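Worksheet: one structure, shown below.
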Amino acid sequence: MRKITLLIHCKDQKGIIAAVTNFIVKVEGNIIYIDQHVDVEQNVFFMRLETELTNASIPLDSIKTNFEQTIARDFQMSWDFYSKETKPKMALFVSKYNHCLFDILGRHSAGELDIEIPLIISNHIDLKPIADQFNIPFYHVPFTKDNKEEGEKRQIELLQQYQITFIVLARYMQIITPKLIALYKNKIINIHHSFLPAFPGAKPYHSAFKRGVKIIGATSHYVTEELDEGPIIEQDITRVSHINSIEDFIMKGRDLERTVLARAIKLHSERKVMVFENKTVVFY
Amino acid sequence: MRKITLLIHCKDQKGIIAAVTNFIVKVEGNIIYIDQHVDVEQNVFFMRLETELTNASIPLDSIKTNFEQTIARDFQMSWDFYSKETKPKMALFVSKYNHCLFDILGRHSAGELDIEIPLIISNHIDLKPIADQFNIPFYHVPFTKDNKEEGEKRQIELLQQYQITFIVLARYMQIITPKLIALYKNKIINIHHSFLPAFPGAKPYHSAFKRGVKIIGATSHYVTEELDEGPIIEQDITRVSHINSIEDFIMKGRDLERTVLARAIKLHSERKVMVFENKTVVFY
Amino acid sequence: MRKITLLIHCKDQKGIIAAVTNFIVKVEGNIIYIDQHVDVEQNVFFMRLETELTNASIPLDSIKTNFEQTIARDFQMSWDFYSKETKPKMALFVSKYNHCLFDILGRHSAGELDIEIPLIISNHIDLKPIADQFNIPFYHVPFTKDNKEEGEKRQIELLQQYQITFIVLARYMQIITPKLIALYKNKIINIHHSFLPAFPGAKPYHSAFKRGVKIIGATSHYVTEELDEGPIIEQDITRVSHINSIEDFIMKGRDLERTVLARAIKLHSERKVMVFENKTVVFY
Amino acid sequence: MRKITLLIHCKDQKGIIAAVTNFIVKVEGNIIYIDQHVDVEQNVFFMRLETELTNASIPLDSIKTNFEQTIARDFQMSWDFYSKETKPKMALFVSKYNHCLFDILGRHSAGELDIEIPLIISNHIDLKPIADQFNIPFYHVPFTKDNKEEGEKRQIELLQQYQITFIVLARYMQIITPKLIALYKNKIINIHHSFLPAFPGAKPYHSAFKRGVKIIGATSHYVTEELDEGPIIEQDITRVSHINSIEDFIMKGRDLERTVLARAIKLHSERKVMVFENKTVVFY
């Protein structure tokens, strides 16, 4: 049976839910999940709906066209249909830290992530053996002040060659260029090793240690041009105390980084995250 | 503007959401919250909907009758309309522990609970001064093996006299009688000082200490005839370690009991909890 | 039996623990708790020790003098002996928010805090009825830009009159003057309604909502001249999501504020917190 | 510089700490960590001490003999000296679940665990490719009702051949025999996928789902002859709700199992866990 995920957002208006659910009934869909949210401040309506199309004789394209020309037009919706059959294709960007890489590849091998990982891109050669161990093509794309344009060009070539749909920065230690951000708007996921907006930028564990906080955190977010300012997908925290050294902070933080990034990848790849005005709506 | 909360559950069927939302549109309601859940195993559909009725000229009773004779009948729904104007009336049952009582009365005084607390019933006289301090009628209803029937009779009289809609056992140390449970089915909230189903019954902190657990908990649940086996509304936990004595467990547990019970009261009084087959659906 | 708590900090050196524990053995003390910490970066040693003095014929003063003239001098210690018999005297500063006030007074009445609360000081009159309800003297000390000096003078007079040993700002909405801070160095506890250093200053829940965080927090800290920059005693967090409004943030935050402030009060009053260089050592 | 970890437990008596710290001073050790605990109920004293021996000319063996013949004898201590230079050797027992295996091997490869993993033993052949991928010898030791003795014999042979010091059951789905438990007393770590003592035995996620709990957990513990009754090392939990299916419980639980087991391995391998009377003292 064909499973479809439908994401919608539009100006909040009367009758949207009734219209959409009526539409699904009409095309012989069985709604297996529906959730919606109204951002009262912005007056925006969000909906996520999963449906099984029980009548195989109605082509998906005609459903889409029908939706587009009726409801989507009437309510001026931004919308997307995703078929469960098409797996998202994720590119991994890494530098020298290996813990998130091991974790993601382990989860992928264990069947926890319903995605493809066609390639790994790194500005260093250090982690190639891990890519080899998991049989994933590894591309060394150096990226420095001096070769920015060339590096960016090579990155984009590779992403297009492999038809990548979203990018994960698994502790990638380089700025992403505005051009790449624009190409993958709200499709580049970063893990920052602090409880944002506390301690943005470099060396957050050192700053947290210096400030004497009792809790440290990690934050996964979409990359925007403003460093560590993009829409937050997921955060988590763990307790620390005076007995913990900076090294302890870093070690405890690794567990946070792993978990928070893995959750963000899972949420994004299952089309559970919508972005509006630098905030996310996450339908669990 | 009249605000209505609608709770529904029925056999899962096609078209329920569309039917209900169409109905709300028809009676000129503005949906401000809607959430639903399908229990796939039991094939049961649950919905919670909040609406503002914008047309004051349509009487609430006619809306109810209309709903009853059309949708509710068609889908064989169990359903309830609650008007925000009618505050739930809560009876507090206590014995000798005062921490939950202080917490609930403090929250109520601080305006956090949109309920009335017309009376406190206790099998001991000890906490009367607190009731006096907060100006709430206090009834001493002794309850022992020997006066069970009399005690139950007096409890029920008082509950009816004050038109009580739900009961909270704030560390009330007596069994509730089957008759009272039947009268207030899924309307008596207990706080048990363990992470159920671990450590049911008496002295859970002592058992937890003996077992050497690293985490203790508290559980709020509706009272059923099976002790500590009723539908769970809310749970929370806190860490303990070898340095903690039983007294520490009890002290840390008090904070859990307060918080978990307060959340359950809030959820119940805002009509966010539905019960089906000894489990709850909690719409946050 | 006399119970003594001993707090020590000094430059880290060989033999401190042995010297101190030998001393306690010599004065016939039974060590019931000992914990220590070395701040490796700063090279500072911290110790907290609880002892029962089993020989009533040795006067406490002679023990103190002995300690001062031998170990304390040899190791150039900062140190304090606290007798369990002397309860700390806490002044509560409040403005208009009542939830922390209810919580603290409820806990105190329930016997959870081993302190005295001789008075409440407020820049508004609103919360006087709560003080009356709990039978605690309430002083209205207006505090504005124009009467700063007069207000500060009155505050200090009252604190001295009641021999106050520490101050708790239970959502007190006024700046504390440098003079008062100097008089009660590391003895004024504030509760800030964010996960510091995120969102210092005014309206943190609004800022958190705007940023789209997935977790909110509260922080209790000692007041220093730099706003919200003092040594952190305790922090805690709770999850939020897109479904939560600013009002929900505020409501969930109230529970955090209550709990985090209560823990800080308990830790401070039990002499479990030591401060060094804007960070705390908290011996649980 | 030689680093030594010293673990001690004995009947609580006056003067232990002074005696031990004096001893360390005498052998020119620099104490870098010391923690102790008194189990008041059982009247047992526990201590963990890390020291750097600054004088290389004093042989470790003479220190040990000295300790044994003086303090250890005087206080009738159970004690152990561990040198940081000798890494613990861990055997992994697995069956068919791969997530804990990937996690542990990933962490080990990433340098987070200061241990050796000389072999993996499994009653199934399924996970051999993962062992191969990480270059760790894999032994298929079938284990059924009918070959119990033979299987146990083979397990013990392998453990002795590789000089294994502790065993980790990474979701190993077979009972460990009493003989093996006796050989590795408090040295076999299991991960149970519930918040023990809730839901011991088989299919805990199914039982948790049926009970309608709002929180699920995982527990790492030492294996004893009583199933799921051994000393608890670490526990953690995560929230669930009515929207979660059994499959969601299992998926969320995998993250708990990974994290809780990894923490237990780290604590055990760093000699931070002591066991007494079916409870653990965990020195963080």
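Odds and ends about this structure:
Note that the chains are named A, B, C and D in the order they appear, and that numbering of residues resets to 1 at the start of each chain.
As a working rule, a contact is a pair of C-beta atoms (placed from the backbone, for glycine too) under 8 Å apart; a residue touches a chain by one contact, two chains touch by 3 or more.
Here is each chain with its UniProt name: A, B, C, D = Formyltetrahydrofolate deformylase.
Just so you know, these numbers come straight off a predicted model, no measurement behind them.
Following the contact convention of this document, A, C is the list of chains adjacent to both chain B and chain D. Comparing each option in B-D, C-D or A-D with A-B by residue number, the pair that reproduces over half of the contacts is C-D. Averaged C-alpha coordinates give centres for chain B and chain C that are 36 Å from one another. One finds 42 Å separating the Cα centroids of chain A and chain C.
Touching two or more other chains at once are residues 243 of chain B. Taken together, the touching pairs cover every possible pairing of the chains. On the side of chain A, the complex with chain C involves touching residues 37, 39-40, 195-199, 211-215, 217, 231-237, 241-243, 245, 278-282. Contact residues of chain A toward chain B in the complex are 14-15, 17-18, 21-22, 25, 30-32, 34-36, 38.
Interface residues of chain D, counted against chain A in their complex, comprise 98-99, 102-103, 105-107, 109-110, 112, 130, 133-134, 243, 251, 254-255, 259, 262, 284.
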